[in-house]
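Next come two complexes, and both contain chain A; in the first it sits with chain B, in the second with chain C.
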Partner chain A sequence: MRIPKLRRVTLYILLVFLAFLFLLPLWTNITTSFKTLKDVTYTTPIEPPLTPTTEPLITAFNIMQRPLLNSLTFTVASTILSCLLGSINGYILTKIRFKGSNIVFLFFTIGIFIPYQAILVPLVLTISKLGLYNHVGGLILTHTAYGIPITTLLFRNFYALIPDSVIMAAKTDGAGTWTIYRRIVLPLSLLPFVVAGVFQFTSIWNDFLFGVALARGPWSMPASVALANLKGTTTVMWNLLMAGTLWYALPVLVIYLVLAKYLMRGFMAGAVKG
Partner chain B sequence: MFTKDKMVALIFFLPSLVLVGYFVYACIGWNVVVSLSDWKGLTPSYNIVGFDQYLSLFQDPVFLTSLTNNLILISLFVPGSLFLGLFLAILLDLKVRWEGVFRAIYLLPFALSFVITATLWLWMYQRDVGVINTLLEKIGLGFLKSGWITDPNIALYCVVLAIIWQFAGYTMLIFLAGIRSISESQIRAAEVDGASGFYLYRRVVIPQLKAPALSAFVVLMVFALKAFDFIFVLTGGGPAYRTYVLALMMFRETFSMNHFAYGAAIATILFLLALVIVVPYLYLSFRREAE
Partner chain C sequence: MVSVTIKNLTKTYGTTVAVKDLNLKIKDGEFFIFLGPSGCGKTTTLLCIAGLIKPDKGDLWLGNELVTSAERDIYVTPQKREVAMVFQDYAIYPHMTVFKNIAFPLEVRGEDKHEIVERVTTTAKLLGISQLLDRKPRQLSGGQRQRVALGRAIVRKPKVFLLDEPLANLDAKLRVKTRTELKKLQLELDVTTIYVTHDQVEAMTMADRIMVQKDGIAEQIGTPHELYNHPANLFVAGFIGSPEMNFTDCTLIKEGKRLWLDAKEFKILMPVEVVPKLKSYVGEDLIMGIRPEDLYERESIKEGTQKNAFRITVDVIEPVGPYLLLHLRKGCLSLVARVKHTRARIGQEVSIEMDRSKIHIFDKKTTKAIL
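== the complex of A and B ==
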């Protein structure tokens, strides 16, 4: 809609002010990560450091190194696995007609919405029984399983757009289910794989609940748990805590800067966070 | 008819069916069974005692406080995020230059982990060095300085404010997509009829945002019910249970105190509350798709 010039100026002032409010926490996070403890006390959080130092960042990295590596391991593994399974499910649900396919889709969709508290006790018991408690493998299995509902939804919505005639043509040429998937559907799947992949990577990387319930041990804990612990032990060392936050946020910030467009599509698909 | 094709399909389907069937459905059922038992302590007990846990829950002041806090949270956070998101969406719809940049800035908090955003707000709410008190002092409003999350009277509202900040970008995204899907010709027609500015939005645009509002509403409601990470890190439920919520209580009872049956009962109640919101919504969207 078009609006008069004076009001347009007010609009931009408002937009910039709001942007300031949304970025303020991140700005103080960055400034504080480069401050000495003395600067934390004697400068305001908004001001840049008087004597910039990378020491908080180095110390925080040393503490968070192993948890960051753990997070990276299970996040990448579960993202790939849940996207592959979601892609296969999406293909079967849209391109292979069978009775009750809607029921099966509903069976998956409900999984998106359940509060994970409702499965937490049995989950911990199961993972312990499998010998995967305090083990990155337990988190890979968990994040893969609970990722399937949303990836199935995302791929199904994309594959619904591929015309059935393409599949039919291949079928009359004698191609089987697996061949059609590999030769026709998969090559058309770059976009859904990016959307689902970015979405899954972000939500698995950001998870705290599964991490704190399944892997609190020093060798297996994810970065989210390590950061929460860092907060517990160093309440006064704000520069260290902010530096740890920055390290943990970094991969998602990079993805957001480069691929925000695709992440937004994931958020839009009825995605539920947390 | 069971062709070779369908066999192949079933084999590919199997891992997902087994994983979701077990980790979602069987685990929900198992949790309900635990909630009906008397399991307390580290040795599992499946001695079924019926609804005892549920009965004691409703006599437990901590549970009632948590439930109340969840309800307050929902009644402020859900409308707050919807209105702020709608406001941001309308601002960005006014043919703004660098719209993409503003949109990305407003949505950024939503992409971050709750552990990160909670740590940032913990830092901002600090009494002595936090940016909020520092700024208030700078602009001459020093008398408004407060302990924020350590003040029992306002702690819960501070939590609400912070999560509205995190979710406003999400509702903005949903509403903006909704506004953009309204046909240009319809807006033109209303403009020709003399509608403009606020009136145009109130009479023409907003009434057509029911579907996006509904899906955002469901997402926000479910989140507010199960809110855990953010509060765990920001306040830990304090001061004096003022920000204690059901998901936090469930976690503490189960994993700190080993009251497995009790924790499972809280989890079941959370699950049922979520169903009340989600089932009608899924029913509506599946029916719409079928038409």
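== the complex of A and C ==
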């Protein structure tokens, strides 16, 4: 479709304006990160720093260093584990099918809708009984368990698109259940792994509630909790807080930029029957 | 190479009976075809033989080995049956190259690497796909994919070869070509082959023996010749042959020692030798059948003078190429005759004679063949 010149120019102006609007918070975030506390008071957030400094970034990094590492550890571990388990579940639920598999699947989907707050007390009790309170392991376990319903749903819907005849062919070719999973199903799962992986990574990384409930100690505290603590009790040091936010946002941003093209395809997959 | 024996096989899905009380023995090295309209239970039977579904009732032997027995709770998994299968959609592994696809059954069995390379290469050469070994399935045409699926099945030298409508997704020209090749390949490999199709031409041209199935029941088992010339019932008679056999309601009338076949619009004097077979059906509701090629156009005859001919109007003439199809109509009777040439024009009346030795007669109630 050809758009007349004038309308196109108007369209571009509108789009640039909107992009500017959307990027404004990020811009203030960056500018504030490079300001001294004095600059924060004397300039508007949109204005660039008068005397640029990297000090807030360095200080924030020193404080956030360990929590970031904690977050990275349990986020990566839980993402991989929940995706892998979701994938196995999806495979079993679509391709093996056993008596009552539909009911099992129903329970999985119910799991998606249980609010975190409802299970918080029993969760904390269970984790401390297991000796995993204030331990990264406790967060790995919790996030993995909480991720399984949604990953199962994602993988199940994707695997429903793999023709049953492919699985039957592999069976007659002599492959057992596990070999079929490893050699046929898993290599075909790049797309759902990317989609489920990004979804899990961001939601686990951004989680605050489980982190604050299960891990407050310095050796297990997640970055989300550490960031909240940066705020301080009496005065808010905006430059430090903004710098911390930048560090905190970095991993998710990288993941998105690297995997964006797979993600777009992933969201489209299954929309049209191939 | 083994025989396949099926005893009292029954499989139901909910209230639908897919296969009902099937008994069958397929011989060593035989090319056996399950033929029937879609939903007749032929694929279900095949999947039972492969072990991919468990029947509700019945036993199944591969050679002397009892591989499935619902009653005795015996079930050998498909992995352990020496059975290879080609699926209608080919079911090629999309992420593997052609080489990897064909090698898969050997790799899973832990065969030696050199042995695998050698056997895959030989198989590819046999099927003429050697130049495609490095390609991925999405770079292949339908016919090539079909060959890969065949290659994957034959590379492991199975005892039984199962094919589920392997030609259904090919275009008409390629289908005819592949049909011949497949038949040749089966003779070369000499493996017991069970082939499922709904295409009666495929079945007639390829099979040693055919089982015609309908609604889960075996209507008739026999050689293509038997099925064509001696159909056991109305369904088989109508299903096999193209254009299909002509049918019309009729009764038998006794006149002295002879029998007349009365089809309202025409009367035929039945040959003496079939009288004993038909005697007891005089006056009953019957259906007569005659194949289009057993009707001949004759020089003009006078009405009522001939004992095996009658006059009828030409409705449509279809030139097929090597022959013509005359669509004939008289009252509520309509017939198709296959003739070499005709002088008749549309709307004209012609004289039609039938080969009386080729008349089929069916009981209208049971649909079973009487003659």
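Keep this in mind: the second predicted complex is superposed on the first by the 234 of 274 C-alpha atoms of A that agree within 3 Å, B and C clash if a C-alpha of one lies under 4 Å from a C-alpha of the other, contacts with A are read in each partner's own complex, and residues count from 1 in each chain.
As a convention for this text, a contact is a pair of C-beta atoms (placed from the backbone, for glycine too) under 8 Å apart; a residue touches a chain by one contact, two chains touch by 3 or more.
It should be emphasised that the depicted structure is a prediction, and the values quoted were computed from it without experimental measurement.
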{"item": "Partner chain(s) touched by A:117 [first = chain B, second = chain C, both, neither]", "value": "first"}
{"item": "Contacts of A:24 with chain B and chain C, given as first, second, both or neither", "value": "first"}
{"item": "Residue contacts on chain A - larger count, chain B or chain C", "value": "B"}
{"item": "Which superposed partner A:176 touches (first chain B, second chain C, both, neither)", "value": "both"}
{"item": "Contacts of A:85 with chain B and chain C, given as first, second, both or neither", "value": "first"}
{"item": "Partner chain(s) touched by A:146 [first = chain B, second = chain C, both, neither]", "value": "first"}
{"item": "Partner chain in contact with A:184 - chain B first, chain C second, else both or neither", "value": "second"}
{"item": "Partner chain in contact with A:107 - chain B first, chain C second, else both or neither", "value": "first"}
{"item": "Interface residues of chain A shared between complexes with chain B and chain C", "value": "176"}
{"item": "Contact footprint of chain B on chain A as seen in their complex", "value": "1-3, 11-12, 14-15, 18-19, 21-26, 28-29, 32, 40-41, 44-46, 85, 88-89, 92, 96, 98, 102, 104, 106-111, 113-126, 142, 144-146, 148-149, 152, 176-178, 181, 202, 205-209, 212-213, 224, 227-228, 231, 238, 241-242, 245, 248-249, 252, 256, 260, 263-264, 267-268, 270-274"}
{"item": "Residues of chain A defined as touching chain C within the complex", "value": "163, 165-166, 168-176, 179, 183-184, 187-188"}
{"item": "In the complex with chain A, residue positions of chain C that touch it", "value": "47, 50-52, 77-79, 81, 83-85, 87-89, 91-95, 104-105, 108-109, 149, 152, 156, 162"}
{"item": "Of chain B, residues touching chain A in the complex", "value": "4-6, 8-9, 12-13, 15-17, 19-24, 26-28, 30-31, 34, 44, 88, 91-96, 102, 104-117, 119-124, 126, 129-131, 134-135, 138, 165, 169-170, 173-174, 177, 187, 191, 196-197, 200, 215, 218-219, 222-223, 225-229, 232-233, 246-247, 250-251, 254-255, 260, 263-264, 266-268, 270-271, 274, 278, 282, 286, 290"}
